[in-house]
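Down below are the structures I want you to see.
Next, two complexes with chain A in common: one pairs it with chain B, the other with chain C.
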Partner chain A sequence: MMTRILLLGVLAVLLIAAPFFAYPVTLMTILCFVIFACSFNLLLGYTGLLCFGHAMFFGSAAYVTGYLLKTTGLSLELALLGGAGATALLGLFVGLIALRRSGIQFAMITFAIAQFVYFLLLRAPFTGGEDGMQSIPRSALFGVFDISSSFTFYYVVLGITVLSVWFFYRIVHSPFGEVLKAIRDNDQRVESLGFKPERFKLVAFVLSAALAGLAGGLKATVFQFATLTDVSFPISSEVILMTLLGGLGTLSGPIVGAGIIILLNDYLADFGEWALIAQGVILLLVIMFFRRGVVGELDRVLRKIRARRAS
Partner chain B sequence: MFDAISPQLIFGQLLIGLINGSFYAMLSMGLAIIFGLMHVVNFAHGAQYMLGAFVTWVLLNYLGIPYWPSLVLAPVIVAVLGMVMERTILRPLQNLDHLYGLLATYAVALIVEGLIRQQYGSSGLPYSSPIPGGVNLGFMFLPYYRLWVVLFSIVTCIGSWLLIEHTKLGAYLRAANEKPDIVETFGINVPRMVTLTYGFGVGLAALSGVLAAPIYQVSPSMGSSIMIVIFAVVVIGGMGSIIGAVATGYMLGLVEALTKIVYPEAANVVIFLFMILALLVRPNGLFSGAEKTR
Partner chain C sequence: MSETLSLDERRPDADASAYALTARGLTKQFGGFHAVKNVDLSIRRGSIHALIGPNGAGKTTCFNLLTKTLTPTAGTITFEGRDITGMRAADVARLGLVRSFQISATFPHLTALENVRVALQSAYGKAFHFWRSLSAVEPLNARAEELLDRVGLAQSRNLTAAELSYGKKRALEIATTLALDPQIMLLDEPTAGMGHEDIEPITELIREAAKGRTVLIVEHNLSVVSTLCDRITVLQHGQLLTEGSYAEVSSNPDVITAYMGGVDDD
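For the complex of A and B:
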């Protein structure tokens, strides 16, 4: 217990001190993807649903949040909530359709619907089409706090991320989260106990969509633009990779995964196709040899050492 | 404004629809065959289709081997690569959740597409038609090569269907899908059969790639863009149903073409709308009988 508090303390100091040493925009990108990966983990890691087009929520919220900030005088937090609310609604529609099939077909349907959303946003009048939505203002937080400097804004993003991760933690450790895990492991058993798995899956899907939307809206305010890239399949694929690499169904796994992949992308940005090839190789290696992910494997090693010490 | 549409436009679009439908049908059939036996959704199918086209291009431009030999050579080469992939990547994953198979084949697709793009760039490479010319039917111009593609794909689809539904080999395949251990007691090497089936499905994808090379440009992204439609086709037709995949493939090609005539703006999304509608009306797939698919 003591070590845990100590660890959390060290982590807190590191997170607060980080923008003094690293480029705030990179740090904020990582934080946005931490939220995004958590939302994905809620589905795949805790409910057993593989959403193969999660970018549809990330990207459409980026547009909605951006649109709200550009055209209305809404303060930052309201615009973010608006984006998340819109994607929750989108999640409800998509969930109602895609959850008619389970397992692998659910994945394929979400993949196709995400492409549908992509085309709609490409043609929609407010998105700016191929050019994207430019110069999204960073309106004041609560209408008072000025967040135009990236350095200050980092702490806002950090706060939202901590809240989101805490929210995610509360969901998976609630009785509701226990039912989700039971559905993941054996949904017929859950059904025989009198629960309706479909309804739980739908709620999980909507929650995940909203959280992904929050991440997307936040990303739009960090970069001050929203583009079709945000809704495109590579983003969906990146979040899968982050979650699997970090560790499926672990709390800290997707956080670690998001950090590694964003830094890797940053590093490989100048090497053309090699960034994507590297992602493919990592994904393949994780699936073939390290299905527990970084955090899961570390956890196993630590447990082994502890067991050896105890004996 | 319907009177403004000329018959040339209508028949031209319908021909394009039939061509696209031929590719949808052949690719979906391969995907359905692989899924039917292995329960793996082969995400690499698009990449293997693209490889078929690239191998054809490479054979011509580096070795001087023309189209007709490539029609056999390229599918065989890509199928062998596929069988190696089945042994090394899919075999170790076969007892895990099927999602891992999907993700692993996706990873392979990502790597293959990335490597090809790194080597040959993103823009398409031209491949000239092996049967130039065409015939003027009065109401439209029909290039011979397109006629060849349509006929060839119909023959391939019927042939594959007969092979699987009406031969002893096909019966073994279907039996191995239902009860692999019992089929094994008859002295049939089921793992080898799985490898060959995967090779067959991959070969079909590559064959489609060879056929596509003279029609579409040979480009690294040709596979990933068609995969999205193929997924929708297979979902609509009912997973693992060969007839469903083929019929839905041709139908969607024509639906897409008709949309282009009536309301071009919607041509890109009509297939997805169709999928959503099909899921709402027939949640188990248009061509699946009473049995529940999973």
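For the complex of A and C:
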């Protein structure tokens, strides 16, 4: 308990001091993907659903939030909520269709719908097509606080991320989360205990979509543009990689995974295709040697040390 | 209700009110193959009723039909005077008809306590509360511990189900099933894959759990059947072979023939 509080304290100091030492936009990108990875983890790690098109929520919320900021002059937090709300609705729609199937079929349906959403956004009049949506304004937070500088904005993004991770934590450690984990382990058994698993999966799917939408909207305000890349398949696969690399079904794993992948992309950005090749190699290594992911393996080693010390 | 009663009274075989669960003309086809064919079954309220038969006789299929895990091709199922043929498993579970599975069905990543608490959540009405902390279901812990204690798992409450021995997993499953306080419990081969040292306690456990309820049990182990069950239905090739007490059934020449080389364990 003491060590946990200490760790959290150190983490808090690091997060607050970070923009003095690192490029705020990179840090904010990591934070956006931390939220995105949590939303994905809720499905794959805690419900057992592999969504193969999670970028559709991330990307479409980027457009919706961007559009709201550009045309309505809403304050930042309302525009973000608008984006998340829109993707929650999209999630409800996709969930109602895709959850009729399970396993690989579910994954393929989400993939197909995501491709369709990509196509719609490519053609929609308000998205700017191939060029994307440019110069999205960072309206004042709550209509009063100026957040145009990236340095200040970092702390806003940090705050939203902390709230999102806490929200994710709350879901996973709630009465609902307990049933979700049971569904992930054995959904037939859950049904035999008098629950209708598909309803729980649908709620989880909508919550996940909303969280992914918040991440996407936030990213649009960080970069002040939204592009088709945000809705594209590589984003969907990147979040899978983050989750597996960090540790599936662990609370902090996907968060760590998001950090590693974004930093890696950043370092390898000048080397073109190398970022993709590196991702492929990492995925291979994780699947072959580190099934539990970074956090999962670390946890195992720590447990072993503790057990040895105890004996 | 009174109308069905008077109808049933005219039937020679049945005083309907004495039966918790009945099936008429139960049939399940897979492709062209009849796994279960025209089976009539009446489970007397408060009894422990066994469904036996050689491998492939259709016991599991029959069981899955009765618990609404499979949809019958034909036939009707009545539970406490209510036609449940068209209902789904989750709904009949809430009515009080709860099953276990042949393959151990615990939640391996949840602790023993959480396994039972999930089941208790079924009637607690907070299962969708994703915004609440787990303290919202802590009032259920006392009942969960009581159930764990009853099956001898009090010491294991904080172990994950994956960490439990096979026998303890099956005991946990029974505790989870009991958490719904079912009127009728359907157990599919509760002693399957168990060593002799585990069979005795689990039999005792079932006997204890059966108090005040009806139990239908698919069982391979005939010594368990003989000590535990009041009434036995024998299936063969998906059809009803005979029904009666253990003494009646075990002396029936058809049953003896059906079991020749059919009993592959014990």
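To be clear about the criterion, the second predicted complex is superposed on the first by the 311 of 311 C-alpha atoms of A that agree within 3 Å, B and C clash if a C-alpha of one lies under 4 Å from a C-alpha of the other, contacts with A are read in each partner's own complex, and residues count from 1 in each chain.
Here, a contact is a pair of C-beta atoms (placed from the backbone, for glycine too) under 8 Å apart; a residue touches a chain by one contact, two chains touch by 3 or more.
In this text, all values refer to a predicted model and were calculated from it rather than measured experimentally.
Applying the stated clash criterion after superposition on chain A shows that chain B and chain C can sit side by side. When the shared chain is aligned, no partner comes close enough to touch A:Ser135: not chain B, not chain C. By the touch criterion stated above, A:Arg123 is placed in contact with chain B alone, chain C being left untouched.
Of the two partner chains placed by the overlay, only chain B lies in contact with A:Leu50; chain C stays clear of it. More residues of chain A lie in contact with B than with the other chain of the pair chain B and chain C.
When the two structures are aligned on the shared chain, A:Ile104 is found in touch with chain B, with no touch to chain C.
In the superposition on chain A, contact is made by A:Val179 with chain C only, not with chain B.
Closest contact between chain B and chain C, by C-alpha atoms in the overlaid model: 8 Å.
Overlap of the chain B and chain C interfaces on chain A comprises no residues. Looking at the complex, you find that chain A touches chain C at residues 170-171, 173-179, 181-182, 184-186, 188-196, 199-200, 203, 207, 249. On chain A, the positions that touch chain B within their shared complex are 50, 97-98, 100-105, 107-109, 111-113, 115-116, 119-120, 123, 233, 237, 240, 244, 272-274, 276-277, 279-281, 283-284, 287-288, 291.
Residues 39, 41, 89, 92-93, 96, 98-100, 102-104, 106-111, 113-115, 117-118, 224, 228, 231-232, 234-235, 239, 265, 268-269, 272-273, 275-276, 279-280, 283, 293-294 of chain B touch chain A in their complex. Note for the complex: chain C touches chain A at residues 67, 69, 88-91, 93-94, 98-99, 101, 105-110, 114-115, 117-119, 121-124, 126-134, 136-137, 176, 179-180.
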